[in-house]
Amino acid sequence: MDSKLKVAIVGSTGYGGVELIRFLQHHPQVEIVSVISSSISGTPISEGFPHLTDIMVQDLDGVVVEEIAARADLVFTATPSGVSTELVPQLLEAGLKVVDLSGDFRLKDGALYEQWYKKPAAPASFLEQAVYGLAEVYGDRAADVPFISNPGCYPTATLLGLIPALKAGWIDHRSIIIDAKSGVSGAGRGASLTTHFAEINENFKPYKVNKHQHIPEIEQVLGDVAGEPVTVTFTTQLVPMTRGIMSTMYATMNGSYTDQDLVELYREYYKGRPFVRVRNAGIWPATKEVTGSNYCDIGFAADARTNRVTIISVIDNVVKGAAGQAIQNMNLMMGWEENLGLGLTPVYP
Amino acid sequence: MDSKLKVAIVGSTGYGGVELIRFLQHHPQVEIVSVISSSISGTPISEGFPHLTDIMVQDLDGVVVEEIAARADLVFTATPSGVSTELVPQLLEAGLKVVDLSGDFRLKDGALYEQWYKKPAAPASFLEQAVYGLAEVYGDRAADVPFISNPGCYPTATLLGLIPALKAGWIDHRSIIIDAKSGVSGAGRGASLTTHFAEINENFKPYKVNKHQHIPEIEQVLGDVAGEPVTVTFTTQLVPMTRGIMSTMYATMNGSYTDQDLVELYREYYKGRPFVRVRNAGIWPATKEVTGSNYCDIGFAADARTNRVTIISVIDNVVKGAAGQAIQNMNLMMGWEENLGLGLTPVYP
Amino acid sequence: MDSKLKVAIVGSTGYGGVELIRFLQHHPQVEIVSVISSSISGTPISEGFPHLTDIMVQDLDGVVVEEIAARADLVFTATPSGVSTELVPQLLEAGLKVVDLSGDFRLKDGALYEQWYKKPAAPASFLEQAVYGLAEVYGDRAADVPFISNPGCYPTATLLGLIPALKAGWIDHRSIIIDAKSGVSGAGRGASLTTHFAEINENFKPYKVNKHQHIPEIEQVLGDVAGEPVTVTFTTQLVPMTRGIMSTMYATMNGSYTDQDLVELYREYYKGRPFVRVRNAGIWPATKEVTGSNYCDIGFAADARTNRVTIISVIDNVVKGAAGQAIQNMNLMMGWEENLGLGLTPVYP
Amino acid sequence: MDSKLKVAIVGSTGYGGVELIRFLQHHPQVEIVSVISSSISGTPISEGFPHLTDIMVQDLDGVVVEEIAARADLVFTATPSGVSTELVPQLLEAGLKVVDLSGDFRLKDGALYEQWYKKPAAPASFLEQAVYGLAEVYGDRAADVPFISNPGCYPTATLLGLIPALKAGWIDHRSIIIDAKSGVSGAGRGASLTTHFAEINENFKPYKVNKHQHIPEIEQVLGDVAGEPVTVTFTTQLVPMTRGIMSTMYATMNGSYTDQDLVELYREYYKGRPFVRVRNAGIWPATKEVTGSNYCDIGFAADARTNRVTIISVIDNVVKGAAGQAIQNMNLMMGWEENLGLGLTPVYP
């Protein structure tokens, strides 16, 4: 027991926070020492989340850096953009390890952050220190570092779908178009007309077309892989479902590749990575096939008629797109098996 | 009463059929004289569709061409592909007017039909005779003809979204990518694993990527407008909702057009057409905004960063994508106002 | 045109308000002269409700009694409880006819209102003047009166299901248990955790068990019919759907009645009433069979084993439970056919 | 490894079967040696259930009793009613332990089975041998026996909700009315109009009112607890969601009990039982709060006005109503901790 890693979760009353709790409870090397909310404290977390009755009996704590530092070794910050900007540096300076789930430390260029997020950026030194935690691409960089910036949900699905082909030079980076769809949990637990059941149900709805703040994050990583700047067309759309992201990606191929070629390329690229599953040629994934799990499933349709490839990737936005990937990053930081505590089978149906 | 047009509906027990009934009951110039099903006859239609209790008290009739010809002036054939191929020529030869909702007469080239539908094509003379009933593009062609082939649901949303820009030469036809999404009613009322609630709910799922039989239909019309062959990339996806299609379309622009330019171009093109609503610049439509109505709503996102335009169009697949458009075509055939009996406001929420 | 009734709608930006617009546009004797909102004015209603684009081009007006009186003959007040209390007396005193959709004038006893609604009651004289507009029970009372209080959604479904059997003395009024279920639109358009898609979807949830403010309304009418006080057990539950109410009612029978006996009793009771459809013995209604329409469908299961009857009634809460019934009441006030402008077929599927 | 219990699952391609797989994979004392289907064999289970890709790589086996006996120690039979009747006796005679998830061995009286299931009953000796596996009521009976009949989904939710009050004599067993609601997964994976998405979505629908085959099962156990025959009113209704059952139960109280009295009674009754969670007074459970878990959550509304109590219980029909409870029974049969491998937190949202 004493040897377990002591973790605290800031933002425990959001969907990312409770999903961290769901997984961490079953994690063999972790003890949750504090569940923290900026809005409520002093009452049991199960009051707002009755599904945690008898499971999580702790009261919610407030955000007090010294108290966190006194009790925990590592903190997950599942906070809205703009909050982590100020909080994370304090936690790091107090000697804590941090996995930040917000968007505040993903972009290396503060000016770009301010342009897309319309908020002040974090100090450059912290932006620089943050390791972008996309394990399947940058896995080894996460080992032994104190601070991981956890990728966004759309970027996770999109980058895992594009990078092997881009890195192999099989697709033209100037041709990339991304048609992304998300369940409503991605919008968080805040009440708004946008998340109102009667407005969402039986509705399919675009938003922030070409304006989503995940665009520069995707372009930063694609540019890093391509070795030159990449600009993408990016559409975001709300699906009347709770969990799940599908990223449907289009690109012109630099050669005559078949579905089977792509399957082999991707299986080779993701070899040894436990959370990417490449479908057999001719089979495409659906979001429900990863629900509740940390998997990213990928399928292809290479089209000889147009010389374009359609790449389809799916994740559970709350897991691989947030809490699960954060735990995966913690595992790598601690030198543990990447999938420790993350082996849950998708919930189907 | 005597002067009303007598119509029969073949395929009354499918979703297209009952939607025809919903609209035709309120049509001031029409009398439904026969509701016909190939599978059931002799029982009231309200047994299988209790929502029609007290509204539609007729028994279902069987498919007997002479009986139809004796009673009706015009027939809607809302039958599966392959059935219309044989039935429609008989109806036409019996002197009936026909609006066919199947895919059997949309492709002018029988060989292309056989390649994509995997079924024998209708005789060439009937393929030739069929007028493709996309009123907003070919409206005047429908006047006074005896036989209309009603466009497919995906083609309707897609073509209305692409044609004004294509015709104006604002987009490069070699660059067209279509990411289409449909509610489950598009799959018809037949029971299958694909339509099982537990498989569809909380799921977003691609199917027939680049293989959907609506692809040659779209390419035929785009090619007709462009004046040269057009080949598109086309993805079809199932949304966990009952009604609605969104077609999200991508193309490279042949110039620096803005959202406002596009709004004006489209409003000019669709001037006087009652069922296309072009959203103001910066506003995109959602499927729920047309549910239950014959509208097609269109919005744009022209992106200077990539010189691409994203065009988003939505329809109710059962209405503008099937029954509503069929009635619109009947109105044009008869020389009536295009929107007669079709003025229903979308049902919201 | 001049002879049309001029109506104004207060609360046009709620779900009841836009549904009034949907039906009134097709009403042959009505002209909508003003759409009014207390929160927004001076912008087109289609900004908040894009489904009304091109259909309703009026700007929203503010709530100014004199202006309403200068332009309209009749006002629908689709306002939250507590607002009508003050507004309706002013409208009446300005000489307007009023159909009030709030709960403020349904209870004859102001003290009872204050107990259940936790708000000050309207003046007794107005409570007395208000005619409770349940046409199928009190139809003739609505003729020629200036002020109708429109029944609540749960009471409408419940009372239409219980009254014929209660009036006939076939059920014991001390035994009545009501298990009611509603779609989420019943909670209004206000954003809250309760209406958040991710909280409602894939969830079935009770609320206000035995505490709902519709209980005294139901008891008032049942008591009126029974001739002595009636007390019921009443459960309200949220269904993950947008529209629809089902009221499942249980009562001990005062004799050995069969399903067929009940079918005949109810058909006789509702003879000539266009909006109640009694299902054949052994068939129960489902909410989707009335969606978008003003119907109330009713079915029975009389159980010889327990000598209890289960009565099941369904309505669309936004139509027969609000806007549709309000128009039905307007029709009766004006001496028109009860179903004028209300003949829309349910939207299925 | 060698010491693990070897289990086989018959009916692996149904929803109960794949849910058994989901839980058993994480069970520390179990090895799945065979996944069996009567309809398909020789192909990987992940072909029909892609969510199991990389997780379950076994091919499906056919139903061959000798092969099962050669490889397994215990069999879960997640088969339709009528199949277990014949199969289970053979498995038992081959020396296997069996947990049967069908309804074939729940009723002690074969004649009653034939009346409600309309199928031949299993031999009386096997009906007698079967231990009804409702652990929270009959827990110790399951220890060390070779054959458990797993309770039905509706009976599980209903019996756990009623038994403590009935056993304490607090409610009148002649007054019991049960209004039950289920998600669609309860209907199984078979395709039919009843499970068609477009028919179920945005619909709330009753079926088999007072005729469901779970009625005699509920009455058998209630009668056993009450010491005299009990007859109930029982309504079943389909909710447009995939997982979840709510049983809303009504009964007349034999005294003036409060919510708090009931909370204490139930907490005392279920003391030490890991899977029943009794909500605090005034709080009612919702189905989503147990999704994906083996919990049964219970809440109360005792009403002084009517002297009735409303008891609300929820389960995940696929877990506590099927696979989870079956594993719980296996644990008890084997003398293991009741919740071994069953500790998964509900998936929320």
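All chains are identified by letter, namely A, B, C and D, in their written order; residue positions are counted from 1 within each chain.
Just so it is clear, a residue touches a chain if its C-beta (ideal position, glycine included) is under 8 Å from a C-beta of that chain, and two chains touch if they have at least 3 such contacts.
These numbers come from a predicted model, not from an experiment.
Trainee: When contacts are scored as defined above, which chain pair ends up with more C-beta pairs, A-D or C-D?
Mentor: The greater number of contacts lies at C-D.
Trainee: Write down the chain pair in A-D, A-B or B-D that repeats the interface of B-C; the criterion is over half of the contact pairs matching by residue number.
Mentor: When the residue numbers line up for over half the pairs, the pair is A-D.
Trainee: Need the CA-centroid distance for the pair chain C / chain D, whole Å please.
Mentor: Chain centres of chain C and chain D, defined by C-alpha means, are spaced 39 Å apart.
Trainee: Round to the nearest whole Å and give the separation of the Cα centres of chain A and chain C.
Mentor: Computed value for the inter-centroid distance: 46 Å.
Trainee: Approximately how many whole Å separate the CA-defined centres of chain A and chain D?
Mentor: That pair's centroid distance is 36 Å.
Trainee: Do you know which chain B residues sit against two or more other chains?
Mentor: Answer for chain B, listing residues that touch two or more other chains: 15, 183, 185, 198-199, 201-202, 240-243, 286, 288, 291, 349.
Trainee: Contact residues on chain B for chain D in the complex?
Mentor: Residues 15, 183-185, 189, 191-193, 195-202, 240-242 of chain B touch chain D in their complex.
Trainee: Can you list the chain B residues touching chain C in their complex?
Mentor: 15, 18, 21-22, 25-26, 49-55, 185, 201-202, 242-243, 277, 279, 283, 285-286, 288-293, 297, 343-349
Trainee: Residues of chain C touching chain D in their complex?
Mentor: Counting only chain C, the residues touching chain D are 177, 179, 181, 183, 198-199, 201-207, 209-210, 231-233, 235, 237, 239-244, 246, 248, 250, 284, 286-288, 291, 299, 301, 303, 305-306, 308, 310, 312, 314, 349.
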